[in-house]
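Right after this note come the structures.
Two complexes, one shared chain (subunit A), two partners (subunit B, subunit C).
== the complex of A and B ==
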């Protein structure tokens, strides 16, 4: 049975190994799509609607077309069709310089007949609201209802009840590199696209379909990319437009989204509002859970969230609706549906525990079916110093108050079939690993090098890893669902093992030993039963001559496993006079299976915590009902964590088995709940709406006082 | 941004001549550009000509002597923040300068630009929104989203003045030297700023053909403590939700004289004579400082989303007073 071996046998796997591309990234040598410049390249720009809802009455491109330096102007909406959200594409320009392109889109004349719009959930659900989707009544989907057990019987057994409304607003992804592409046609039938994408083959297949080309005549390259978080799986309108403009002009075209467009049209995490009534028995079991909730993911909506979450509840009624609004659509965002659900559930848990007079951690221990999290509670509580929490929330007379809270999460991961890879050993001793995955930023390039180096007795820096290119025709899936490492690692390992086997077969006769007796380590192949029989790596490979060894692998299910649990503890300090919230420390205990590279796994957890902290304390999309526009489509008023906000983060890689699982998404899930509970523990007032900002703290404290 | 011609300034006379025939927004001045460039890129301003002031001789630098401080309009925010005399004797100014934006912006942003910067209001900064400040009919903050808007002096435009340096300098009793076609004039910095009731389109009395060249600060009185307290949602960069510049002449715990200026809560830096009166001549304790805080906001008229600023401002004023007494 295939295995990654024991930890004691691993020379590299599970150790802390610096990211191979780290130096290139910090020195600026790494080339992102934004950095790609091709000979004769034009710059693309898209004119977008500033109106949320309108009929397109007329579109006149002539003035833009006539501008010197403008090479193409393409309509992206038809006269007679509707604009349904701010940011919707109207027309695109390709020009000799970015400045000309920017000027040119302003010369496009579009005549819009404005229609009544709704941009907030409250307005969409209001009586007599304009109907913006013909197939939904009251701008809401039919409810999705989940029932388990009998909630009425459950509430009869309840000793305490909590009824509360929890809310999380829409968040946007804020990829540091905005969405974008450079498209170049070699001839009418061969297209190369540099894409900032988390799915090289997804972009390839989409564009091949659009231009009716064999898939192998479209090459997509993503050497490095600046964040996707679920929003960059396909080329989108902007990628298809870049390719269209390049085809029309016969020249390469670069088209990157502006920061504003990135907020408006490149996806978002749907909002969540849930009204919950829940009950617990006197011995501390949650017994009934009744939830009515809704959320919006924009014009097409798709606003799911997890409710209830993680903890065992025997009697459940959960009703969710999607609300449609005249705003750009949601896209998958790091652990879709989980962080907002976890925030509400973990807040509810603490509220129930308080009514019972129980320690919230004890209450979780009773209700949490996960053995992994049970162990994590113990470890995390120790690390944060759980005993230091306010035994009476909000107690104390000092201006600055401390609190500690806990939150939980879970995720799947575990990878999937569909990756092809080749590991090649060349006569000069060099080794190359190639596959069509992409490094979304999590360090798969380094993980591949580690796996191959471990197998071949080399160092990670000895391995040339080629990813982020569909050219070699070795497909791999998109980097989503925390699946990349668990999808890729087994294939790489089996490919490296096969290549090693081939090399062993080559040198076995010389070493006068059967292949199964050969081992490799320290750049030397040796016979395990007689260590005097050796051959240096370069001498062995030198015999290959023109015949490199090149082997594929397969997705061996035994090497991976799905399902992770996580727990986080937060300590906060709140200035009760200014409402300022400082997170002092986060302890993140993250179950993750086998960490191929412990260092980048810790980085993943750090990144997840920071993203969760942003959702907890800062991030909110503000939609203005008067204008139908987003008021903070920038990074001034859409606030993301900076160095001042980032606390001490204790990331604990909690490895429970030696199979690869994946940990991209889960570390952002428990953070908002843990912080919200810490805030309550500090000030004794519960903030049930994210983000927890100074205005909410001050308002809540004032209400408590009154 | 729209195309414009770019002129390197050689003298103040040349600058005022270039300005003299223009209307607002036709000819504009650029120094650090940290505010103006964003306005140009977002088409909030579309000048025909930009005059680069960085080439003007003698408008940069800090002079500290018995007469107080003289700070050239081209002096960078960073230079003000790190100046030893300012740090020591005009602490409120050093603290305010140090709280501005980010190191990169402080390194290029200038004193003159900081005082003359335009509002950060999210309706004003949206090209597609024609608000009252830009010649439209309404201030959208009144019925809209007003978390970051004014609680004092707003009517009819509820922007807040974003400058950190202005409240600090006004609290220090600064005056500003302005050059125009008729020569130079000096006025108190407090009078330099105006409220929208007087002029909804501008935040100060500067005419289109005038330029701020210098700020003068009187000598620091002995036994003076001063502080700049700035509340914000994020460490940096972030504008103030509310700020308090307080200068306190103390005799033990008794406040001999004080000036208190609020930032982030009104369309102009907001001198709180009420808070000053509550403290002057008093021995500062918890009760007195609380009274000063509530007096500072007694005329506040919050909008839908910014009532928290009333509490916040009140608490910041009290805190500054208590710091003076400790």
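== the complex of A and C ==
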């Protein structure tokens, strides 16, 4: 049975290894899509609607077309059609410089007949609200109802009950490299696209379909990309437009979204509002859970969230609806539906525990079915110093108050079949690993090198890893659902093992030993039963002559496993005079399976925690109901965490087994709940709506006093 | 630019004032130009339109002179990334990134005479007669700057898109304060944003680099 071997046998796997792309990234050499500069390249821009809801009455491109330096102007909406959200595409321009392109889109004349719009959930659900979707009465989808057990019977057994409303607003991805592409046609039949994407092959297949080309005549390259977080699958309107502009002009076209468009149309995490009534028995079991909730994913649907979450509840009624508004659509965002669901559930858990007079951690121990998290509670509580928490929330007379809270999460990340890879050993001793996955900042490139180097007794820097290119025709899935490592690693390992086997077969006669007796380490192949018999790596590979060894692999399920539990503890300090909240420390205990590279895994956990912190304290999309526009579509009014917000973060790689699992998403899940509970522990008033801002704290404190 | 002119140049067939009057009164010919300018969007709006006279200027970048033709509105960042030297070569210094386009994220950070500036906020013309150092100019051939080395060692980067800005800011910080505290580092790098959340390891890297300098 295939296995990764014991930790004690691993020379590289599970160690802290700097990423291979590090040097290129710190010197500015790394080329992102945004950095691609092709000979004769034009710059594309898109004119977008500032109006949230309108009929397109007229569109006149002639003035823009006539401008010097403008090479193409394409309509992206038809006269007679509707605009349904701010940022919707109207027309695109390709010009000699980006400045000319920007000037040109301002010369496009469009007449819009404005229609009444709704951009907030409350307005959309109000009586007499304009119907923006004919198929949804009251701008709401039919409810999705889940029932388990018997909630009435459950409530009868309850000793305490909590009824509360929890809310999380829309958050946007804020990829620092905006969505964008550089498209270049060689002739009418061959297209190359540099794409800032999480799915090289997805983009390839989409564009091949659009232009009716055999898939292998479209090549998509993503050498480096500046963040996706779930929002970068498929070329989108902007990618298809870049390809259209390039085809029309016969020149390469770069088209990157502006920062503003990135907020408006490149996806977001849907909002969540849930009214919950829940009960627990006197011995501390949650016994009944009744939830009615909704969220908005923009003009379409997709506003799901997890409720209840991770804890065992025998009697459940959960009803969710989508609310539609005239705003750009949601896209998957790091653990879709989980962090907001976890925030509500973990808040509720603490509220129930308090009514029972129980320690919230004890209450979790009773209700959490995950053995892994049970162990994590112990470890995390020690690390944060759980005993230091306020035994009476909000007690004390000092202006600055401290509190400690806990939150939980759960994710899959077990990967899937479908990746093809090739490991090649050349006569000069060089080794190459090629597959069509993409490194979106997670470090898969380095993980691949580690796996191959471990197998072949080399160093990671000896391995040339080629990812992010559909050219070699070795497909791999999109990087979503934390699936990449668990999808790719088994294929790479089996490919490297097969290549090694081939090389052993070559040199076995010379070493006068059976292939099974051969091992490789330290650039030397040796016979395990007689270590005097050796052959240096280069001498062995030198015998290959013109024929390199090139082997594929397969997705061996035994090498990976899904299902990861996580727990986080947060300590906060709150200034009760200003409402300022500082997170002092976060302990993140994250189930990681076998971490191929402990260093980059820790980076992932840090990154998840920090994104969760942003959601907890800073991030909110503000829509103006009057104008239908987003008020903070930039980086100064839409706050993401900066240096001052960063607490001490203790990221604990909690390995529970030696099978590979992905952890890109799960570390952002428990953070908002843990912080919300810490805030309550500090000040004794509960903030049930994210982000937890100073004004909410001050208002809550004032209400408590009154 | 006077307001009147700007209205005409919106490229729409009604003026902004009419648009404002018309909104909400049924059928109006509306414009996609913003009816309300919010906060510093004004600055971004003002930056556009009507190319003015261009001039050829000389810039000293990473110790090398470049001749480039620029317009008055051309930013230093545009020249670094997209500029073409009068000899016909692309300058192609794409390490500095445009991320927010308004002095908020530090992705475009470069040094001018040793001090950090946001290259998206500086006009190319204003960068004449100064020493411009970009992230590409920090290493000495194959020898990385101690900050760069420490960033790699500590994995102070994930997607890496913000990294050039952080590297330049960190190098500038250490050139002024060779033994920064954690608080000093947070202040020194407060003009830079990372969405992947690499901050903890960036702080570690700067500390390590400070020990080597």
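Following the convention adopted for this analysis, the second predicted complex is superposed on the first by the 706 of 706 C-alpha atoms of A that agree within 3 Å, B and C clash if a C-alpha of one lies under 4 Å from a C-alpha of the other, contacts with A are read in each partner's own complex, and residues count from 1 in each chain.
By definition in this document, contacts are C-beta pairs under 8 Å (C-beta built on N, C-alpha and C of every residue); 3 or more make two chains touch, one makes a residue touch a chain.
What you see is a predicted model, and the numbers here were worked out from it, not measured in a lab.
A.B. asks: When the two structures are overlaid on chain A, which partner does A:702 contact: first (subunit B), second (subunit C), both, or neither?
C.D. replies: Touch status of A:702: first partner only.
A.B. asks: Quick one: is A:694 in contact with subunit B, with subunit C, with both, or with neither? Answer first, second, both or neither.
C.D. replies: A:694: touches subunit B, not subunit C.
A.B. asks: Quick check on the superposed pair: does A:577 touch subunit B, subunit C, both, or neither? Answer first, second, both or neither.
C.D. replies: After superposing on A, A:577 lies in contact with subunit B but is clear of subunit C.
A.B. asks: Going by the touch definition up top, name the partner, subunit B or subunit C, that contacts more of subunit A.
C.D. replies: C
A.B. asks: Which partner does A:547 reach: the first (subunit B), the second (subunit C), both, or neither?
C.D. replies: neither
A.B. asks: Quick check for you: in the superposed arrangement, does A:371 touch first (subunit B), second (subunit C), both or neither?
C.D. replies: In the superposition, A:371 touches no partner, neither subunit B nor subunit C.
A.B. asks: Output check: A:631 vs subunit B and subunit C. Expected answer is one of first, second, both, neither. What do you get?
C.D. replies: Both subunit B and subunit C are touched by A:631.
A.B. asks: Where does A:22 make contact in the superposed view: on subunit B (first), on subunit C (second), on both, or on neither?
C.D. replies: Touch partner of A:22: subunit C, not subunit B.
A.B. asks: Contact-wise, after the overlay, does A:618 reach subunit B, subunit C, both or neither (first, second, both, neither)?
C.D. replies: First partner only.
A.B. asks: Between subunit B and subunit C, whom does A:643 touch in the aligned arrangement: first, second, both, or neither?
C.D. replies: A:643 sits against subunit B and subunit C alike.
A.B. asks: Which parts of subunit A are touched by subunit B and by subunit C alike?
C.D. replies: Touching subunit B in the first complex and subunit C in the second, residues 50, 103, 627, 629, 631, 636-637, 641-644 of subunit A appear in both lists.
A.B. asks: Any idea which subunit A residues touch subunit B in the complex?
C.D. replies: Contact set of subunit A toward subunit B: 50, 103, 577-580, 618, 622, 624-627, 629, 631-632, 636-637, 639, 641-645, 693-696, 698-699, 702.
A.B. asks: Would you tell me which residues of subunit C are touching subunit A in their complex?
C.D. replies: Touching subunit A from subunit C are residues 9-13, 23-24, 27-36, 38-41, 48-51, 71, 73-74, 78, 81-82, 90, 92-102, 104-105, 107, 134-136, 138-139, 144, 147-148, 151-153, 155, 157-164, 167, 185-187, 189-190, 192-201, 203.
A.B. asks: Touching residues of subunit A toward subunit C in the complex: what are they?
C.D. replies: Residues in contact with subunit C: 18-19, 21-23, 25-32, 34-35, 37, 47-51, 54, 57-58, 63-64, 90, 97-100, 102-103, 106-114, 174-177, 224-227, 229, 258-259, 440-443, 599-600, 602-604, 606-611, 627, 629, 631, 634-637, 640-644, 646, 649.
A.B. asks: Can you name the residues of subunit B that touch subunit A in the complex?
C.D. replies: Checking each residue of subunit B against subunit A gives 2-3, 120, 122-123, 126-129, 140, 143-145, 147-148, 231, 233-238, 241, 305-309, 311-312, 315-316, 318-319.
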